[in-house]
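Two complexes follow with chain A in common, the first pairing it with chain B and the second with chain C.
Coming up: the complex of A and B.
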């Protein structure tokens, strides 16, 4: 079994009309055993920037702490929030620093950039950025997520419809993956508010 | 840095609370050739005298105004070689920022980092403070900006400023002439007139240098032909 599959995870982000949604599963496992059903994989960097990290749980937590640290210092020095594209470049650089002993995570970054234009991207564990206009996925359920998103995604969805779409895509994908699931955690972000919802799916 | 025998700082406090080395550095700046900068509503201009030690010097090879990034330029008063070292360090810092964030460095950040370097040289072993003051002109998302950085490492944002030999006359002249809504071309004329005030000899495109940046966010050093045009307009 690969080390990326040790804890199990599923993260997905989608672009809507002047909004984005980012969702993850909630299971924390140690191989076949489920340890927790409320694990936080998605974290807020600032009101218009979220990062979801899949992969080894300890690296998920440590990497998040490092990134928050860097962003807080940036905010103090530059007296402004980081743009999503800038943050993605920073994450990529931090991951590549550990090229020969990497963080075993795959981040999914989602944010609203200039003029509230949604921005999403993912990268591999050593920082290779992959930008997308529609959706990005990551985690042990990524293959199912690719299929579900491809089938369900439509461009320019409003926040309500985007929430429905991403929730259905997430829940149906994690049902096909024994290592992820136990509910879902969805954030839908528009220029004015952040809506956070917990999904109840198959609790297995 | 330096031999272990010189691992103490040469810049030490005097009983009156002054750092005498920095005062001397400022004296070195004050005896350098005059340079000045003016922030207009839509850009920034910086200018300097370019008095060469002999007519045999190839003036086209001397470039006192330098780019730090495509949208930030700088000029100095004081010791040329110290300026070169600072320009090199600042350019590297700007590129490192760009490499990390894929975003051009904001003017304030570059000024702060340059000033930090200058401060380090007032508190490290075996080194002396830089004998230059810099005028940094840039245009970024916050608009046109003009900063002065001193050998001590302190930096100030200016609407208009001068440094070097003729500093007090130049500043008085600028105080009278400066207006908030000045446009870039007016600022260039004012800069030329200010340089003319304390100029020994005939001012020409061969013995001054002018750099400007406008809303296009591209810093450019004016060619001698362009300087001639502005000089003609000023006459």
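Coming up: the complex of A and C.
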């Protein structure tokens, strides 16, 4: 079994018109046993920047704490929030530093940059950035997510439609993956508000 | 404070503190993760006025296409570009690092960078990691001594060639070059030949695909033609889009209104003596 299949996860982010959405499943398991159904995989770095981490849960939490620490230091020094592109480079550098003994997780970063232009990117476990203009996926359900997002994604969706699309893509993909699921957690971020929704999914 | 010093290694470079734990997990039967590779076809050739580099745009993670339009031609200096094949994180990190070192060197020497400088910096780094930094590169550019094209292998060996190909699609591309290359090609002939070689990699090699990127470097000028050719467009998109019959059921909604982002410009007086 692969190390990424130890805990199970599914994270997806999509770009809309001046907004973005990031969603994850909620299961935390130890191989085939479920031990929590409300695990937080997506964390807020600042109001317009979110990071979702899939993979080994202990590295998810450690990496998140490290990144929040670095961002707080940045805020103290620069007196402003980090831009999403800068944050992506920071995460990439932190992951590549451990090239020969890596953190066993794959981040998905989503944020609103200058002029409220949405930015998403994902990385493999050693920091190879993959910028996309439409959607990015990560986790054990990633193969199903690729297929669902390719079919359902449309460019320039408004926040409501984007929420519906990302939720349908997430739920249909995790239904085909034993190791992820138990509902969904979606954040839709526009320049004026953050909408956090918890989805009802299959509990198996 | 000692805690903050733990986060960053004292002199930069790699940190090995998770290796023991990862080894323990591997021994317990958990397989190591697979990294993003750029299966790739990358090529370069020297034409009458300079160098043309070409690359495909597919990034793979095992058998899955992770990125359909990634950038494999990396900027090193205004007159030097480098195509990378192998583990994506390694090619990006190594080219970024050498690009910064070249910039600092340009500031120190007040001269344009030479390709041989980039070559030596890259091969020293790759050799010292004995091939574990898995980056296979095609480095090309034009400097004061003329146009140069080199290939660099992950273990640190280099070749200097008039035309070169690397990556999983290198055999397909090399067959095109061997048949059609001649010295003194014009710019258009060179671009056409590079595009043909990359296309042969895209269509015949499963690790390469999507679009063709081309970079033309001549004395004093470079042109990065991103997505020069797109021989694989998406043709199956329905114009109506996807319509969902059932809406998703939401258990809980929390809306956090955000404050308007206000730009504060400091209005102050200029300092006086």
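The criterion applied here is as follows: the second predicted complex is superposed on the first by the 204 of 204 C-alpha atoms of A that agree within 3 Å, B and C clash if a C-alpha of one lies under 4 Å from a C-alpha of the other, contacts with A are read in each partner's own complex, and residues count from 1 in each chain.
Note that in this section a residue touches a chain if its C-beta (ideal position, glycine included) is under 8 Å from a C-beta of that chain, and two chains touch if they have at least 3 such contacts.
These numbers were taken from a predicted model, which means no experiment stands behind them.
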With both complexes overlaid on chain A, does A:90 touch chain B (first), chain C (second), both or neither? first
If touched residues of chain A are counted for chain B and for chain C, the larger one: C
Let me test your reading of the model: by the given contact rule, A:178 touches which partner, first (chain B), second (chain C), both or neither? neither
Partner chain(s) touched by A:101 [first = chain B, second = chain C, both, neither]: second
Who does A:68 touch here: chain B (first), chain C (second), both, or neither? neither
Tell me the contact category for A:78 with respect to chain B and chain C: first, second, both or neither. first
Is A:130 contacted by the first partner chain B, the second partner chain C, both or neither? second
Once the two structures are fitted together, what part of chain A is touched by chain B and by chain C alike? none
In their shared complex, at which residues does chain B touch chain A? 99-103, 106, 108-109, 112
Taking the touch rule as given, give the residues of chain C at its contact with chain A in the complex, in rising order. 4, 7, 9, 13-22, 25, 29-33, 35-36, 59, 61, 64-67, 70, 87-90, 92-93, 132-133, 241-242, 244, 247-258, 260-261
Contacts from chain A onto chain B in the complex sit at residues 77-78, 83, 85-86, 89-90, 93
Residue ranges of chain A in contact with chain C within the complex: 1-4, 6, 47-48, 55, 66, 69-70, 73, 92, 95-104, 123-130, 132, 142-143, 146, 151-152, 154, 164-165, 167-168, 171, 183, 191-200
